[in-house]
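Two complexes come next, and they have one chain in common, subunit A, joined by subunit B in the first and subunit C in the second.
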Partner chain A sequence: MIQKLVNILLVEDDEVDVMNVKRAFSKNNIKNELFVAGNGVEALDMLRTSIVPLPRIIILDINMPKMNGIEFLKNLRDDENLKNISVFVMTTSNEDSDKINAYNLNVAGYILKPLSFEKFITSVATLKNFWSLCEM
Partner chain B sequence: MVGANILLVDTCKTYFENAAKAFSEIGIQATLRFAKNDIEAWSMLKGDDKLLPIPKIMLIDINAEGLNGIDLINKIRLDFELKSILIFVVSDVNNSENKRAALNLNIAGYMHKPFEKGEMIDFFSTLNDYWNSIEFSS
Partner chain C sequence: MEESAKSCQEELSALKKEYEDFVYIVSHDIKTPMRAISNITTWIEDDLGPDAGADILNNFTLLKNRVGRLENMLNALLELSRVNRTEMELYEVNFPKMVEECIASLDNGVNVKFHVNYNLSNENCITLGKKLNKVVFNLLDNAVRFHDKEIKNVFVDVRENESDYEIKISDDGPGIAEEVRNKIFAIFYTVNSKDVLDSTGAGLTISSKIVEMVGGKIYYTPGINNGSIFQINWPKIISLKN
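Right after this comes the complex of A and B.
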């Protein structure tokens, strides 16, 4: 995935977390273009209007205003043109119901948001290594 | 991962044995199970003697002859109890039709299948790091 420079859409309402992801990408030397949507409605719009070009993957927060991560996932999986996109949840929610709902909607992974920036870098590095094994 | 079952579906028993060796060498805390085709896999997931706990992770070679991987993934996705399984597809041949079909069934990753020992260790180490970094439902 990484070699082909997949476009990454980060769906996240918290500006500090957006900054952390951007910094962790830069620390890990991830060159993929990063797009940001502040909630599910905005994210669907960016995907449907191809503001985020193919190929693409999504990093998704759960608790967001307007349309939360689970609602967004339902919409994504119901859309013929978007349903095959790989989604990685990154959230502070440790609720079992969120994990069950996310995996039932076939996310590729559910990651708890690391509390320190150092751990953020490690988490993103693990994701990068996994992405490097995957073909789109 | 401790006590978990990971199900490998592959027509080659030797491949499973080599993968199991790599698992033990890396120290992966889950038990690797083996099904030689989609039919055997389905009975291990849904039959009278099904695997318990139900695997949360599967590895499937979808292009192996005599194994209908796409059919298997399709059935898993339609089954209430199994649909949430993380499915990692491995293959050493190019079959863009199968690849597209697998990606449409929301597999967690489509990956080049490693064979040589060092390659297998690297591959499963990276996967194991990833598995350890994600949360599963209890």
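Right after this comes the complex of A and C.
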């Protein structure tokens, strides 16, 4: 059976954090295609116009300008065509309110961005294990 | 008179809200560039490879260590600001069990002998369990971490008084010099240089803020063989101060 790699949509406004994810992908030898949206509005647009092809999962930051992560999640779950996509939150926000809001909107995981890049590589490897299940 | 009390109350609420917003901004907006410094440092180090030279590699290590300290300090400030906001549940605590759990979660308990003694008419009490746990853990952690002997003795003594619990945590470690005793509860103060023993210097500050919040007392006295004694008087009935 040929595995079909999931496409990853990273919703993140910080350039360094985007580079961080790209570098962690290469360190983990992750070959999935990575799409980047700078905010929630852009992300919804990319999903609705199928710029990001199926199958797909989302890695989502919370604190972003225009439409933040929680608002984006609400829109996503309200959309018949998009509501089943797996979303992993990856954020600096350790606020209980953000975690509760995110889990209420059915997220697959909530990852705190660690300070060190080494730890981040491990976090991404864990993520990879999760989405590999979607590829079977 | 009533009118002015009301406006004072409103002003206080507004200030609290402003303070909470400030803390929220600090937690997110400072952490992002701080993480970027740490990450980019690792990338440059990685790209230069092992042949960069010992001096350069050593400077990278120093740089990452200092950013790490910055993160610890920021987290400590956040924790301090949240002392009277989070984990405020009252529940039943069993003293021996709580102490046992604190000891078990110490990550440096090697070569330490714990001597535990209780003088309680009832082992259980209903209190702010997470807060009490935090204070006891911090003091035990300090007793072990700053100990300078090969074999370390740490003593826990819990006594029930009429209106409070008297908890003494003592050790036979180096103790604290008289001239710096008035500084140990200040935020980020460390007795040793942070280069000798890397610690943030926030544990006692957070502990004393917790004890003060519940209307109790915490103080230091020198112990036997120059060790330290930290005594907490933890009230049986918690009266929260604003």
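Just so it is clear, the second predicted complex is superposed on the first by the 129 of 136 C-alpha atoms of A that agree within 3 Å, B and C clash if a C-alpha of one lies under 4 Å from a C-alpha of the other, contacts with A are read in each partner's own complex, and residues count from 1 in each chain.
As a working rule, a contact is a pair of C-beta atoms (placed from the backbone, for glycine too) under 8 Å apart; a residue touches a chain by one contact, two chains touch by 3 or more.
Being a predicted model, the structure only gives us computed values, none of them experimental.
With subunit A as the common reference, the superposed partners subunit B and subunit C fit together side by side.
Within the superposed three-chain model, A:Leu133 lies in touch with subunit B and out of touch with subunit C [touch as defined at top].
In the superposition on chain A, A:Asn94 contacts both subunit B and subunit C. For the combined model, the angle formed at the CA centre of subunit A by lines to the CA centres of subunit B and subunit C equals 80 degrees after rounding to the nearest 10. In the superposition on chain A, A:Asn63 contacts subunit C only, with no contact to subunit B.
In the superposition on chain A, A:Leu115 contacts subunit C only, with no contact to subunit B. One of subunit B and subunit C touches more residues of subunit A, and that partner is B. Legend: residue contacts after superposition of the two complexes on their common chain; A:Lys74 is shown touching neither subunit B nor subunit C. When the two structures are aligned on the shared chain, A:Lys22 is found in touch with neither subunit B nor subunit C. Once both complexes are placed on a shared chain A, the shortest Cα to Cα gap between subunit B and subunit C comes to 9 Å.
Counting contacts by the rule stated earlier, residues 94, 96 of subunit A appear in both its interface with subunit B and its interface with subunit C. By the touch criterion given at the top, residues 24, 27-28, 31-32, 34-36, 38-40, 42-43, 64, 67-68, 71, 86 of subunit C touch subunit A in their complex. Contacts from subunit A toward subunit C in the complex involve residues 14, 16-17, 19-20, 23, 63, 92-96, 113, 115-118, 120. Against subunit B, in their complex, subunit A makes its touches with residues 77, 83-84, 86, 94, 96, 99-100, 103-104, 106, 108-112, 123, 126-127, 129-130, 132-136.
Interface residues of subunit B facing subunit A in the complex, by the touch rule stated above, are 77, 83-84, 86, 99, 103-104, 106, 108-112, 123, 126-127, 129-130, 133-138.
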